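Heads up: the structure comes next, in structure tokens.
Letters A, B, C, D and E mark the chains in the order given here, with residues in each chain numbered from 1 onward.
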Amino acid sequence: KQTSGNSASEAKTIKIGIDLELSGGVAAFGSSALDGAKLAVKEINAKGGVLGKQLELAIADNASKAEESTRAIQKLISDDKVVAVIGAATSGNTLAASTVAMEKKIPLITPSGTATKVTVDERTGKVKDYIFRTCFIDPFQGTVMGNFAAKDLKAKTAAIYIDSSSDYSKGLAKSFEEQFTKNGGQIVTKESYQQKDTDFKAVLTRIKDKNPDVIYVPGYYEEVGKIIKQGREMGITVPFLGGDGWDAPQMFEIAGNEALNNTFFSNHYSSEDTSPEVQKFVENFKKEYNKVPDGFAVLGYDSVQLIAEAIKNAGSAEPTKIKDALAQIKNFKTVSGTISYNETHDPIKSAVIIEYKDGKQSFKTKVNP
Amino acid sequence: MLKVENVNVYYGAIHALKDVSIQVNEGEIVTLIGANGAGKTTLLKTLSGLLTPKTGTITFLGKDITGIHAPEIVKSGLIHCPEGRRVFANLSVEENLELGAYLRKDREVKEDMEQIYSRFPRLRERKRQQAGTLSGGEQQMLAIGRALMGRPKLLLLDEPSMGLAPILVQEIFNIIQEINQSGTTVLLVEQNANQALKIANRAYVLETGKIVLSGAANVLRASEDVKKAYLGA
Amino acid sequence: MMRKNKNFIIGVLISLFIYLVIQVLISMGILSDFWISTIILISINIILGVSLNLINGFTGQFSIGHAGFMSIGAYLSAIMTLDFNLPFPLALLVGGIAATMAGFLIGVPSLRLKGDYLAIATLGFGEIIRIIWLNTEYVGGASGLSGIPALTNWTWVFIWMMITILVVNNFVNSTHGRACISIRENEIAAEAMGIHTTKYKVIAFMIGSFFAGIAGGLSAHMFYIINPNSFNFMKSFEILVIVVLGGLGSTSGSIIGAIVLTMIFTLLQDYPEIRMIIYSLLLILMMIFRPKGLMGTREFSFQLKKRGEQYGKHTSA
Amino acid sequence: MANTLLLDVKQVSRSFGGLKAVSDVSIQIYQGELIGLIGPNGAGKTTLFNLLTGVYEPSEGQILFKQESIGGLKPYKITQKGAARTFQNIRLFGNLSVLDNVKIAYHQRSKHSIFASIFRLPSHFKGEQEMTEQGMELLKIFRLDHKKDELAKNLPYGEQRRLEIARALATRPKLLLLDEPAAGMNPQETQELMQLIRWIRKEFDLTILLIEHDMSLVMNVCDRIYVLDQGQLIAQGTPAEIQLNPRVIEAYLGQEV
Amino acid sequence: MEYITQQLINGISVGSIYALIALGYTMVYGIIKLINFAHGDIFMVGAFVGLVSAKMFQVQGFDPIWVFIFSILLSMIVSAILGVIIERIAYKPLRNASRISILITAIGVSFLLENGGIFFIGPQAQGFPEIIPKKQYHLFGSIQLDSNQIMILGVTFLLMVLLQLIVHKTKIGKAMRAVSFDMEAAHLMGINVNTTISATFAIGSALAAAAGVIYGMTYNSFDPLMGIIPGLKAFVAAVLGGIGIIPGAFIGGLFLGIIETTVSSIGYSLWRDGVAFAILILILIFKPSGLFGKNVREKV
């Protein structure tokens, strides 16, 4: 019954599935990624599509639930006959979808599922050959920040404050800790919060009590913004550090420009980056949606670009060929950096470190893997 | 004063009142007797607007009040003291009485309350007590007092003696007569038919939703049929 | 009794027929994976609804912690198949039994509570269980357990669905079930009639939790992954909605509720932006127009002639 | 026949907050007696019933039923030991059929297990059938058999009262406690009830304790009467004695009866 | 010691926000015995109206104090109207239905508001203006406290007293309590039950809106799902204090805030909600109607 590929190649359009969090708890992530993906499809189609065919998105909402993510991708594959799927925004929901993708042999690219086990089977250690991602894996960002804290900021002690409901956050924290201690630093305390928490003063008081040189908060902007704001109000003046989850224009509104001074995070790209890809993307996105793209939007956009590139390289929209072409991607320029896949389907790309300064993101350094 | 013409009331499919017509004149005590489930309570609820008749008309003081919202009917002076006391258990005695005067805007509420207290001294003793903790008899006094606070022109009483000790039953009937003498017309529903007929001017007998007998109270009290069916003689 | 038996046999025959039709459609490849999974999801929701109905609808104990019991079944059965290589049916049973024990543990102290206080206590228990999973690295913490083998299929869910319906139905239509219902109707009177109310409340909780655990196990082995967030209090509310929408105290109602709600949710899949808006509007409308639920407290009967009469009143002789 | 002591209430008290609702009350009831309990509203009659049936625990004192102490036992245990009651405010299982109401009362005697019911073993069918048969018999006695499938809440008041008594009898009590069974009945209905009480007492070999404000009923059917006032026992004796007791007249009966 | 005091202050400040939301919750419950599940979402709508109007008034160049007063009033009015509309459309037809049916409707309304919010506003969190800049105070050296925290506690306390007065001393309050106990008898007093219930919803929703605006100002963010967790916490706080009892909600809120902060402050932040629920359950087992609830057993 492996007919989806054939029928698709005869069709006039190439259908790409979207399995994202469009309602429910983390709808914010999924809908940003969808905005990015839609923009990419629009641009590609405007330029004549891929292999002479227009791209078409088939959208399914996973309601921010693992079991619905499974069902969403089942629907995309069996009813919509897509040739590849983008999703989901979180590692957990991607894991749920990945089993179906593997079984049905349809390539799946997660824009932002950073957990290692998304592309590598945890139990067998085997690479899942149909699963790819657009984002970094967690360890890279943590390592980058671990070095930055110890070497550039000359920190001796650090506190780690993680989002315990997110594997992403845990992953970053783990590699940060490893790298930071390798550099001779000391972790004075490890604390955690949960998504949708709003008051962090109890734990911040605890952290303040331990007097760290830096505080690593690898979470998403919604909570991180509040953490930084409340921390500063409580008189914590040391730098806050974080990862790509920080990247959102709302950071300025939530935390406030002043509180954000002296904070740094690792990212795929900087919207202040002067490279033409980035500038063009930010401009187009603003034109389309009347807002500044956040990190999820960028990754959603790039995920579509990756699939389009793979189809082009493969010369065919057959799922297995797309998969092979994806694995071969080398030095492909995307908004979030230049991507080459390694053997575990993780993009090797440079990271940038960005500092928030006086109400702006300012590009600090670029770190190559 | 009150005129009920051919009223029919249903509970879903149950036809609870069938073509009921009664009349209450100013200054009277009229009593309504009948077996359990005859529809007495239903009739009173219909009069006070808690139920809406399917057909028929109710005229009170020359005004058609059929199907009018209950608070409006209360405003016009028809006050219903419901079956089972229904005092507001979580409110104090005094607050219950104040609620009785909820719609009144005049300044004489305080005086009226004093009057009620002197009629039921027991209530004065307990004015801060939660109504729910009163004994049955006290609650009944409160319910009547509360109804009187609305300055009824017509007072509907539904089984005021139910569950009361004999000594209180006596007292309640005395009170009803007193109230009547001070100018309030009363429509009384009672299981204690003997007593009710004793103090009433006229009476109606309700049987499975239909008025089957009516007339002067003393005549009915002497009637063999009534005796056998309701007085248990 | 004769009528009961006839009813029972017709019921079994119809169910078997449904089973076979769907099984044939599946083996012939006519039903797409998506629709198979929808049917399985409906069946799992039926198990959840019917079992919660025993607690909420029949026994009248306001519980909103069903997702907690479900999660116990899900996690334990998944651990059993993943780490202990237990055969699927056995793993399911382990999950169900663990959930039953939790139902017992939770039932005994909290059944002192009434109404909304019981509700919040059960909600709290559900959340505590979820937080325990969240903080247990062995079961994957926040990201949960993944790679659970896909062992659930139509046959298994069908079997468990039928067992649930039969057990709950047989229980409810016996003196023991009546004891539970009498607690719902008037606890003080029930006790005065010699009914050990605490015992029956706990039993209802245990039976309900057992099937919630089974449903959890089936669901874990259907969707490959479980994580604590799938079992938060919103999930408990979803199950409660099934029960109330179907009709508290009607097993057929829970079945219909599960079918209707799952189908609405599924059919709205194509309209992601307004999916939840329409879903919630429909929910409100259905409650306004059928405040007692789609079935009220009535049950299906295969004696179609009598339907009209039963509609009005319970008068069938 | 009035020789074996069935119920022995020894100086029982119960207070709510500061209020002593029942204070130092002692009552003896012998097998087969029909005893009245009267007293003004709020005297503590219902509270005493609640103490006897385990709804409340006595603050002080002892309650012996068939020589066994039952003070503080759970209501269902006391019912199982053979004391059943009706309630001042009717407490039927309103949404259940008349027959089911009675069958529930038979539950405590049922022998088939939950297991048997779930797996529909023969003992289930046998047990259920027995219950139905016994229930129907009882309903016949109370002239409710033609309404067996009616929902209890749809019955007229008088029939609800009868059903409550029938349901209490279904627990097979030795002692039956009736709380104002005639409330809300007219004199005619009260008389019918009186016949019924006399009849079941004989038929079921019952001992009955009865609260009632309707003096025609109390004075006619009771062997002896206890009078409570403000939680305390103020008098006891035969109806004739009670009717003439000045304390009772002052507190309860009033001048004319 | 300083540490403990600081954490206590933190706890009270979180708790007073829970208390603020719980007040409206408990009041609506007290009168119509409905767990108004949508309360948290009306709180969200209130926050949104506050957000929009604050931005609007700020642009007009009003003084921060006036911006605050105008926007909180506007948001209270809009939410009160919304509350009344919701009651009329979604709850009133179910007045004679079982309480659990109305709860399900309330859940439906809650979903509707949340997803309507996502649809019209977008799911992303956005900033919320501070409106009145916070002033930091320092006690005994390093213990830190800000003007906003003091304001919240003050406002919550005032509203609690005000609400208690409304319910217990005014005519409409008496009517509310009468309606809560016996609607039919209330009718017979000439009380317009519908108006009274509408008034209840209006006050409850206005309180939720005030809480929403203050919450937004405190945490500087808004999103359409922001009401879920505070709504749940407020419900827990209300139950803890004895649901339906206004001072109970206040104390319950503070208590919950302090428990949570304590758990976090000793390094178990992961278990915070678990411990809070466990304590709630324990309290309920020993005091089955909450801290302030009278354990009224049905009189038999």
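Annotations for the structure displayed:
Here, a contact is a pair of C-beta atoms (placed from the backbone, for glycine too) under 8 Å apart; a residue touches a chain by one contact, two chains touch by 3 or more.
What you are looking at is a predicted structure, and each value in this text was computed from that prediction instead of being measured.
Each step here moves to a touching chain, and the least such steps from subunit B to subunit E number 1. Following the contact convention of this document, D, E is the list of chains adjacent to both subunit B and subunit C.
Number of steps on the shortest path from subunit A to subunit B, with steps defined by chain touch: 2. Placing every chain at the mean of its C-alpha atoms, the farthest one from subunit D is found to be A. A straight line joining the Cα centres of subunit C and subunit E is 32 Å long. Separating the centre of subunit D from that of subunit E, both taken as means of CA atoms, is a distance of 48 Å. The distance from the centre of subunit A to the centre of subunit E, with each centre set as the mean of the Cα atoms, comes to 36 Å. Between subunit C and subunit D the centroid-to-centroid distance comes to 40 Å (mean Cα coordinates, whole Å). Within subunit C, the positions touching two or more other chains are listed as 134-135, 188, 273, 275-276, 313.
Residue positions of subunit D with contacts to 2 or more other chains are 55, 87-88. Among all residues of subunit B, none touch two or more other chains.
Within the complex formed with subunit E, the residues of subunit B that make contact are 48-50, 69-71, 74-75, 79-82, 86-91, 95, 98-100, 102-103, 132, 146, 150.
Subunit E contributes residues 35, 90, 93-94, 96-98, 100-105, 107-112, 114-116, 118-119, 232, 235-236, 239, 243, 270-271, 273-274, 277-278, 280-281, 284-285, 288-290, 298, 300 to its touches with subunit C in the complex.
Every residue of subunit A that touches subunit C in the complex is listed here, in rising order: 1, 22-23, 25, 59-61, 63-67, 70-72, 74-75, 77-79, 91-92, 95-96, 99-100, 103-104, 115, 117, 121-123, 164-167, 170.
The touching residues of subunit D, counted against subunit C in their complex, run 53-55, 74-76, 79-80, 84-85, 87, 91-97, 100, 103-108, 110, 112, 114, 117-120, 124-125, 127-129, 131, 149-151, 154, 167-168, 170-171. By the touch criterion stated above, subunit A contacts subunit E in their complex at residues 23, 25, 27-28, 31-32, 164, 189, 191-194, 196-199, 201-203, 205-206, 209, 221-222, 225-226, 229, 233-235, 248, 250, 252-256, 294.
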